[in-house]
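Should a chain be cited, it is by its letter among A, B and C, assigned in written order, with residues numbered from 1 in that chain.
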Amino acid sequence: MLVGTTIYALINTAILALMAIGFNLTFGISGVANFAYGAFYVFAAYGIWGMLNLLHIPYLLAVLIAVLANLILGALIYRFVLLRVRGQALSEVIATFGIGLAILELFSYFGWVGFEYTLPVFMDRSFIIAGTYVDFQRLAILGFSAVLIACLWWFTHHTSIGLAFRGIAQDERTALTFGIDSDRIAMLSVSFGAGIAALAALFIIPLGSIAPGEGYDVLIKALAVCIIGGLGSTGGVIAASFIVGFAERFTDTYIGSHWTMIVSLAAILLVLTIKPSGLFGKQKELEERI
Amino acid sequence: MKKRKERIDRGIKARSSDIFALLSWREMLYLAAPRLLPVIVCLLLPLLLGPYWQKVLLSVAVVALLAISWDILAQTGMVSLGQALFFGVGAYCSGAMNHYWGLSPVLTIPIASLLGGLICTLILLPVLRLRGIYFSMVTLIIPLILVRIVEATKIFGGTEGLSGMTPLPSTWFELYLSMAVLLAVLFGFRRMMDSDYGLVLKGINDNDRSVINAGINIYWFKAQSLFIAGAIGAFCGAFMTHVYMFVGMPVFALDYSILPIAAAVVGGPGTLAGATLGAFILVPMSEALRGFGGLRIVLYGVFLVVFIVALPEGIFHYIQRKYHQIERWVEVDK
Amino acid sequence: MTDAPILSVSELSKNFGGVRALNQVSFDLQPGELLGVIGPNGSGKTTLVNLITRFVKPTSGEVFFKGKKISHLPPYKIVRLGIARTFQMVKPFYQLPAYKNMIIPLYSPRMRQLAGGHYGDRDAMALDLLEEVGFERDAHVAYKTAGALPQGYLKRLELAKALALQPDLFILDELFSGLSLAEVASIVPIIEKIRMAGKTIIMIEHRLKELFRIADRVIVMNYGEKIADGPAEAVMEDEAVKSAYLGTEAG
């Protein structure tokens, strides 16, 4: 029981991290809180589903197209909407929220809800690990999360675009003087965030089904993890995913599934009260430097 | 030939901004008209409309109040994405008091407004210490989580909700109560935001370190603004509980968060009057578009984006400018 | 000087990440003194101000004001005790008339403490204060929107905001920067007037010539440390100061 719960908690952690990392990447680099993140996730999921079931495009090609489409969508939204309200936090929030709302509600208008709206699992097999059944998909999520985080780390520390990312994340004006085009980088950050949302959908959706409500769900979870971990901090996302992931799974097993949401809320309120900027947040430091 | 737009204050605007306004009826009317118009509209509309549109008018009032509450927060530098939190907390407060203790609406509505404001302030108090978008994030997720909690723990009737609330005496009472509160809130808080106190609140949004540097505790002021906004929102919830005679999970629905923001943004943030105007435009329009079902919310989303990007000042500022200024194209000389 | 110091800074330090922005700085300030703080860019002058007014939390060290420890108080309480500062980057409310910019400091609880609850019309007080710092009343400069004012007036507005709080200690952070000689010359008398009233002043400055004319004492900062302290002439003869300013590092 304990081992099984731990394994599932670990998987839950990976799922949460996968959901939050894209949102966090965008915010950490360009300071844009992308409230359309959940919509990107659902958009990619429906995109792949449509290509597989309506157009009968091969799986890998469909995935490739969907990820590309998300990357482009993110870039377009930055270029045509966010760029015009850049730096005005209020407007950025409302604009991305409005976009997300429009996309999600459009899908719910189409009414594509049900068990048939799902993506195929990678491999229909399960394994027994320490006496617990775990299917391949969940293991894939676990592996992919780890690989993705490692890749992102490598990317931001060892490639020139990645270093530019970190540059504008730390000080936009200084970065500008070094010839880094902050608008281009910010556009890439929104675009990459959207791309990661597509990948997250590809891995996570096969566990359930696609529904517009999933979009709100992913957004809530991503926000919760980011608030607890501290906005813009990758270490924070990992730590918060562990905390929320384990807390949820253990309350579910030992107390009751009703309580998982309360645990999340309590965790958020507790962290906000004790350390408002989140466990690893840099926000406080910024506030101090006024 | 290059041209530029020139804007000049109307003669009557310049004349009316001084004591001389009292010299002629025309100038007094010029000053009074923008203030009288909403009062007359609010008092006459209930008489002119049929029963169906009277119900719509009620939701116009509620959305307008929520939009005003959003606008007060936004002017203090807090962008709420969860007006449903205020609405829902107020609704459950009055619903519970009426259902469990049998208190009459005369008591539950005012108590729930204050209590709801207080609860919302306490819930959001920790976030006030942070700048930026934390407030938006937390207000967005808290109502959504509260729904799940009500569903899971079955408190306050769970998914069924509480029904059989005491109704308000009559439709006329409902209509005129909502209109009176709307007018009082609109004019009262517009005045407040123009006073020195309001200037401090706006100062927090503009440049908080300069306000701190005046020895002012900005968290205390933010909390006050939050309480005001929370109480207005909670009033809406408490009021609607008695109108519908029911309170349940839908009070935390996203609609109550989105419509007010859309109204405030379309009408023009920063004036309160814009928020009201936005509600008077959007809510009837959404009724007219009832046939489109879910597409209405898509439309709000699109509205939000279009207005915030292309017309960030909103409709009200535009009208205000036309009223006070004449515009003409003049040639730019070399 | 036998008076108790009005401000006493002891071993104040601040780290930003791994960088030590301020290292063990201590000094005392007598009432009525005008202290100049100079040093190259990035030497920790503004950090020192931010630490005294606690806009930034010190890593270690203490600050006493009138014998009372203030380094644990939030910034707004420090202001209420009677320390007012100006900011290097002026950021007024651009869309408001200049005199409306004064409303926020005039709304301060400190005003209420000093005046005992009732203190008259804020608009009128704002206009008076602005006239004091050189907003010509006849030309109605105070009624212009802050966005339309030149830098010189914005700096004076900043000074007027500090004056409005009637503090005992003024901390003026690069008040002269970005101003023409004539504009500086017109502000100096205002500072001297404040000083005549017996107030204590700390001035962070780059404009050494103007500063030395009015300062009683000068502290020189470099790399977050205090490298010299004393009357202006003596300080400028100091070898460490010369090398800091001329950039000739020993060794």
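One rule holds for everything that comes next: a contact is a pair of C-beta atoms (placed from the backbone, for glycine too) under 8 Å apart; a residue touches a chain by one contact, two chains touch by 3 or more.
Here the structure is a predicted model, which is why all the values come from computation and not from measurement.
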In terms of C-beta pairs in contact, which two chains are most connected?
-> A-B
Chain closest to the assembly centre - both centres taken as Cα means = B
Rounded Å distance between chain A and chain C, as computed from the means of their C-alpha atoms | 46
Averaging C-alpha coordinates per chain, one finds the centres of chain A and chain B separated by a number of Å equal to 32
What is the distance, in whole Å, between the centres of chain B and chain C, each centre taken as the mean of its C-alpha atoms?
-> 41
Residue numbers in chain A touching two or more further chains are 290
Note the residues in chain B that touch 2 or more other chains, in rising order.
-> 209
Chain C residues touching 2+ other chains are 55
In the complex, the residues of chain B that touch chain A are 74, 79, 81, 123, 126-127, 129-134, 136-138, 140-142, 144-146, 148-149, 152-153, 208-209, 254, 258, 261, 265, 269, 293-295, 297-298, 300-305, 308-309, 312
Residue numbers on chain B that touch chain C, as the complex places them = 196-197, 199-200, 202-203, 206-207, 209-218
Chain C residues touching chain B in their complex are 53, 55, 74-77, 79-80, 84-85, 87, 91-93, 96, 100, 103-110, 122, 161, 164-165
Interface residues, chain A side, partner chain B - complex | 33, 35, 81, 84-85, 89-95, 97-103, 105-106, 108-109, 216, 219-220, 223-224, 226-227, 231, 257-259, 261-262, 264-265, 268-269, 272-273, 276-277, 283-284, 287, 290
